[in-house]
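We call the chains A, B, C, D and E, going by the order they appear; numbering starts again at 1 in every chain.
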Amino acid sequence: MLSFVARRIVIAIPTVILISIFVFGLQKLLPGDPILAMAGEERDPETIAFLREKYRMNDPVWVQYATWIKGVVTGNLGISLRTNQPVTELIAQKLPVTIQLALMALVFALVIGIPAGILSAVKKGTITDYVANVVALSGLSIPNFWLGIMLILLVAVKWQALPASGYVPPGEDLWLSLKTMLMPAFVLGTALAATLMRHTRSAMLGVLKSDYVRTARAKGLAERRVILRHAFRNALTPIVTLTALLFGELIAGAVLTEQIFTIPGFGKLVVDAVFNRDYAVVQGIVLVTAMGFIVMNILADAAYFVLNPRLRKQ
Amino acid sequence: MTDLILKADGLKKHFQVGGGFMAETKTVRAVDGVSIEVRRGETFAIVGESGCGKSTLARLLMRLLEPTEGAIEFDGRDIAGIRGRDLRELRRDMQFVFQDPFSSLNPRMSVGKLVGEPIETHRPELSRTQRRQEVARLLRTVGLRPEHADRYPHEFSGGQRQRIGIARALASNPRLVIGDEPVSALDVSVQAQVVNLLHDLKSKLDMTLVIIAHDLAVIRHMSDRVAVMYLGQVVESGPTDEIFAAPRHPYTLALLSAIPEPVHGRERTRIALSGETPSPASPPSGCRFHTRCPFAREDCATRVPELRVAANETRVACHYWEEIAATRPKAGLTPAAARSEGAQRRFALYEAATLRQTDRPETASNAGATT
Amino acid sequence: MNQPLLEVENLRFRFRGQEQDVVQDVSFRLGRNETLCIVGESGCGKSVTALALMGLLPQDSVQFGAGRIRFDGETFAPGDHDRIAKMRGDRMAMIFQEPMTSLNPAFRIGDQIAEAVERHRNCGHAAARARALEMLGKVGIPAPEQRFDAYPHQLSGGMRQRVMIAMALANDPELLIADEPTTALDVTVQAQILELIAELQAETGMGTIMITHDLGVVAEIATNVAVMYAGQVVEYGSARSIFENPQHPYTIGLMASVPSLTGPRRRLSTVPGVVPAIGQMPEGCRFSSRCPFAAPVCAARPDLAEQDPGHRVACHFAPLEQTLERSA
Amino acid sequence: MMAQPATPATLKPQLMTDPVLQKRPENRVWKKFRSHRSAMLGGLLVGLFVLMAVFAPILPIPDPTATDWGAVRQAPSAAHWLGTDEIGRDVLSRLVWGAQASLLAGVISVGIAVAFGVPMGILAGYFGGWTDGIISRCTEALLAVPFLILAIALAAFLGPSLTNAMIAIGLSATPVFVRLTRGQVISVKAEDFVEGAHAIGLSTPKILSRYIFPNILPPVLVQATLTIATAIIAEASLSFLGLGQQPPAPSWGSMLNTAKNFLSQAPWMAMWPGIAIFLVVLGFNLLGDGLRDALDPREH
Amino acid sequence: ADFRFALESDPDILDPDQSRTFVGRIVYTALCDKLVDITPDLEIVPQLATEWSWNDEGTALTMTLREGVTFHDGTPFDAEAVAANIERSQTMEESRRKSEVASITGTEVLGPHQIRIDLAQPDATLLAQLADRAGMMVSPTAAAEAGADFGLAPVCSGPYKFEERVAQDKIVLSKFAEYWNAGEFHFDTVTYLPIPDSTVRLANLQSGDVDAINRLAATDVAQVRNDPSLKVEEAVSLGYQGITFNIGNGERGDNPWGNDARLRKALELAIDRNAINQVVFEGTAPAGNQAFPPNSPWYDTSLPVPERDVEAAKALLAEAGYENGIDLEVQAPNTPVNLQLMQVIQSMAAEAGINISITSKEFATMLSDQTAGDFTASQVGWSGRVDPDGNIHQFMTTDAGLNDAKYSNEEVDRLLDEARVTTDMAARKESYDAAAKILNEDKPIIYLYHETWIWALDDAIEGFVPYPDGMFRLAGVTKSE
């Protein structure tokens, strides 16, 4: 188990390096000069020259990269060009927020997507199936911002049931924190739920045809138990793999959702950083996101092993 | 040129398995030191328990797997290490018929394409039309009709699918065909059709056949010589008639005694094997059969038996076969109780009638297949 | 015992969207402690007949015709899945053809057996577990305590089939339906399994329906035999009379196709052609499209008429040799 | 049996008698597709929108860029069936004209993602080892790069145009297809029939194209039809970065994006493009399901 | 009580010497006092300096400082502190204030609460600069200690002191009890929340999550006015919006639009500024044609906003040799309002035969393209300064920092330089009027309109006074329960 994780981490190192080089290069190619954006309205040439020197913009790209890597190794990701805050601090501040959002969204996605997928597979070709599909696809094609703003106008403004936007750390007030995050998580969750539903459906369709489901019926088990325990349990493996794949979509969706609901998370951080050409922050975020992917993959593999006894020790 | 077409010497195939999340890797000794010789023009059979390595051996001979150790000679040429273009060339002379007619055909290709493919690969000189004619000829050869070329595998019955597989194997005009349980998945009436077909093709096309099967009646019916495998090794080999008449290795004895016969009310002495086949990942020491052998003695657990000559061409890997043979009544099979007199006449009538019918090859498979 | 355990009368049904019945007027009876073997070509409807008895056919895609199933004195309509479901796994059980795929790969085998016990015996988990262990022992799995926690993939095909049998027999069913339980296994394992079923049958007196295409197996275990062709029973009788005095041309063809283990090797005789698809079946005798003796009269459907006592054949020409010689 | 189309009976008499030959393989896919109710509905939907996009210029609708200061953000009425937008343009006509950009954005970018992702996934899954390592690492790298950075960089290098927006969207959707394909290939390559292809001596490219590819298609099809929705919406965010459809040319995505600011004053501005996107996505999904069934000879 | 105010974006670093965002200045109104402040009519009034006087040459400014003022960290505010602050603005390497205080040559502490600021030559703009970030006083002790990181925990002397900041989430200030004018400030804490989307910002106000919001969208004004629980406040801004042309910035300056003022005039004539105001801004953004809004004392009334005249525009095009029309590429920031504006202009210009294509760019790209001269025309704006110089000098004089058009006219240079060093208001106005006339002919920029700051407040908030500089001053603001 440990050796497995260790091996995965060793594999992950080149990935992370590759990603960092890629992003570093890409940033250098971006139009727009961070220093110019920083220099302010007056654009004093002296200040510009000084800032260029200070942030080592005059060094060759590879020197900049080496400097950055050196920092990373010692746990220093640099400081934000915009607010002078250390990037590590920013990330430490934002990461839990996005994790909370992502987890809650995932809960929504699972709670909506999986039952809908099961239902439409079990009732394939019936009205239920069609309705489930139409609902899922509308979840996919309704843009996040539209759903988000509509919810804000309805739930927060009209009913005054939930806060319109913002973020409260769970440590401060758990209930309020959950309440604030409810709408964004729902919005982010619905789009994922659609994908999850479609894939759950096809996995279930496959499993329902299998011999062991017939065996379960032959045992005289109740239909509910046959579907939920015997069939679903086996459809879970592809669903878990997919959920790991959804992580990317989750992050991308979080960017939009955080914008709408003004949640100070990773997504907002990255958008602002990109628009301000706050490279140190971008680079730091990408690094963490990449690690997130790797962790997700490891978790998915682990879940895979747990779910699928065939892969366990012989 | 010798009269040997295929020769394997000390062939081994070890698989590494496990090494996943929590398991350490293990070595599965699927084939562990097998030597066989196949003569030009004969039918050579391999039998053995499920999981004893028959399919692995066949794949090694086909070079679908690369051997861990050992040499394979085809037509005097060593093929154990060839790759790439040479390997593809080899495929022209050596073909394979799969055990499972359901999973071994690409469900998304029409029969015409499936059969045309080896022609396209190995006889690129043929034009499109010539190829189509050739496909038609092959389909007719195996008792299908040229029009079937436009249909898809799932529209055929198991027997018909197996015929498609055979047509495909014949397309490159091979000199050796290896069949991995080509009839096991079929029911008796269809099995008979395929067995006859293989027999006819063999004599007509001057081919050598290597057949793997676990149905001993089929083996006896088809093969000239046979090798019996147990847990990755050959335990007995020799001419088919001799082995069926006088099995020597205790495993062969058990195998033959377990055959159920379609004759009602027959009392038999069965040599029951106890326990399960040991895992090829940790085969027993000494004689690999000793854990289940009713005649095992103490030293069987330590001494590895060699495959040694027992009579004429028969070889046996057992320390004590002579003694076992002496203490046991001859395990040969006694003739079956006769059918009623009326039934015998019916059978004769039936045979005569079907012979008339099969003279007209078109009718052999004329009815529409199940879809 | 006078009253048979199971009586099937004129079972017929078709899949929705098809023009002909897959199973047409199938009738047979089975006493306690008896074994009925059903043989026939692949696709002739053996498995669907078994599934129909178990109420396991997909309800929405099958149309049942008339016909009755009488089980232990109670009469059912064949489509009455709800009533059948109550007995499924309890009074009647089934073993499937595919030991490799019929067990749920995600659960421990012991739990899979215990689950069936818990469901039907209203007993606690511990009792169910004990029963499962007992059954594992009975079907000859060594060290059942250890194997209880094994997953299906950790067992060989033969062991898996034994687990299936243990599962089927855990509630002491009165009827066992075994659909080609040994086709995927080699002869030595097959012999073990058949012996096991026979032992358990002797112990509990259950009735067994065994579906197989191996005539050797039939000869060994059958009390009665039903030969099916294209959804119809074409010949039905005691094992002895079927083997010694087969009447129907299809039965004859089937038996003639088996390679012999003794005597000279001859070319195998075959049943030429293949079964027509549903929808393309000839009216009347469905075998007529392949029968070497087919005559115009075959366009009318022959009755399953009694030829000898207890031996019924659905052929206009039975007994064949006499009819043919007379007309010649 | 349904009446067959009249084939001259004299031409090939035996053809008519053989049930086998009454099924022509050419129209098998089409025929199955046609009998697939929901697929036809999907086809109809997509077809409708395609027609809309193609025939926009000749439809009797106002110029989609014609502004009318007197009729800003008007609710649907007889004059403007679907209302007007924030600078008095007819929403119906913008919807019709926008179909072109949005359909192109959806279909072409998904096409790009499939065209790159699937072969990559096939190579990675089939060859494993180093090939897999390199492709998988690159895929992960691409996944971790924020879409925005990629889009801005591409906007700067390729210049602003709808085509380049499609490239950007396609590129960012590629990794999912690589992964999906790779996983699928790994399981398909273990199938017996692939070994059969080896036994015949087929070359690797042929095995990949004839054996692997057709058998991994179904999940790819599902994913592709799902991605179309994302792509149509993504086009809008790119047009705001300077890529994509530039104003005043309409696209559904940018119509939605503009409508965002008027959700309470002019809800119809968001509603119509939203419905259009939903219908197209629904259409493509139904079409995908139908196509999957039709391409599979085993399905009825 | 807590006052929650929604901003449209997150401020950058909170160091008056380093910061550069508009929203940052809003936070400073509560956090950092300045030497002087302005009135809504742009009069300079005392804040930390209670009195000041110029010498006759206008080269020395003597200021008397308020007594009894301390910084949030307890450091007393005195003349030394002012001297240190001016030095910091001038010499700290990261300082963005250098050009604003460039005219200062030195300071002389005359007493604990008196200081003289020396200039090389008269600077009419200085006081106005000291009314903004350059005049904000930070604690010299804290500044010396934190150096460039001062912004992470700023220490000033304003009515509220820094409590905490969560990037992109909130900036929290709490009441500074020792503030010299503490009685005027009625909230215990002030929280600034960046909420970029205007609809969401408004929704937060409607749901009661915030007390007031900055930058209400013009299209939402009517709705808010109809809501009895909310109210709207407005002030025309000091800044302007327009279209700048590339006159001589690099290769792309050499194009018909850069070379021929007639084309630019034709475009101006094709535009109906009032229609823009109505369609895009619901009548809230007054039309303009100069660097100062029409209500400004610096506005040259002899140059009124021209009416739209498509025929005249066509005639000018024909005169310039483009009777068949001409293309123009305009870059615009990618905000919905800017794009809406440009599409309206696009459609207006089309009627005169000018075929505009719009390229929307995100801000950073646009900024660098503009500096590099990679544009033909650019839709830009300026938030405005209290002193007229701040709206025009750095854009229109040769080599000035923000002159992206690279417009150069010796006469304009002379007039604007002169206006800088003239302290006499009338003389300055004359210079600006003269410059305005030249610019109106050369048209390196077409001024379009002047934005209006619009705030929406909860009805319970009383006492807010809108200022044209767009700041939200908390003095006297109360919330009725």
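Going forward, contacts are C-beta pairs under 8 Å (C-beta built on N, C-alpha and C of every residue); 3 or more make two chains touch, one makes a residue touch a chain.
Nothing here was measured: the structure is a model prediction, and the numbers come from that model.
For the pair chain A and chain E, chains touching both partners: D.
Note on connectivity: the fewest chain-to-chain touch steps from chain D to chain E number 1.
Each chain gets a centre from the mean of its Cα atoms; the one farthest from the centre of chain C is E. Across the assembly, the chain pair joined by the most C-beta contact pairs is B-C. Computed from the mean C-alpha positions, the centre of chain A lies at a distance of 24 Å from the centre of chain D. If you average the CA atoms of chain A and of chain C, the two centres end up 54 Å from each other. A straight line joining the Cα centres of chain B and chain E is 90 Å long. Annotation for chain D: residues 19, 152, 156, 257, 260, 263-264 touch two or more other chains.
The multi-chain contact residues of chain C, meaning those touching 2 or more other chains, are 280. Annotation for chain B: residues touching 2 or more other chains are 368-369.
For chain A in complex with chain E, the residues that touch the partner chain are 31-34, 36-47, 50-51, 54, 80, 82-85, 90, 93-94, 149, 152-153, 156-157, 160, 163-167, 259-262, 264, 268-269, 272, 275-277. Touching chain D in their complex are the following residues of chain E: 197-199, 217, 219-220, 223, 275, 278-280, 334, 336, 339-340, 342-344, 346-347, 357-362, 365. Residue ranges of chain D in contact with chain E, taken from their complex: 65-67, 69, 72, 86-88, 152, 155-156, 160, 239-242, 246-248, 257-258, 260-265.
Across the complex, chain B is touched by residues 18-21, 23-25, 191-193, 195-203, 206, 210-211, 214-215, 295-298 of chain D. By the touch rule above, chain A contacts chain D in their complex via residues 14-15, 18-19, 22-23, 26-27, 29-31, 130, 133-134, 137-138, 140-143, 145-146, 149-150, 153, 194-195, 198-199, 202, 241, 245, 248, 252, 255, 270-271, 274, 282, 285-286, 289-290, 293-294.
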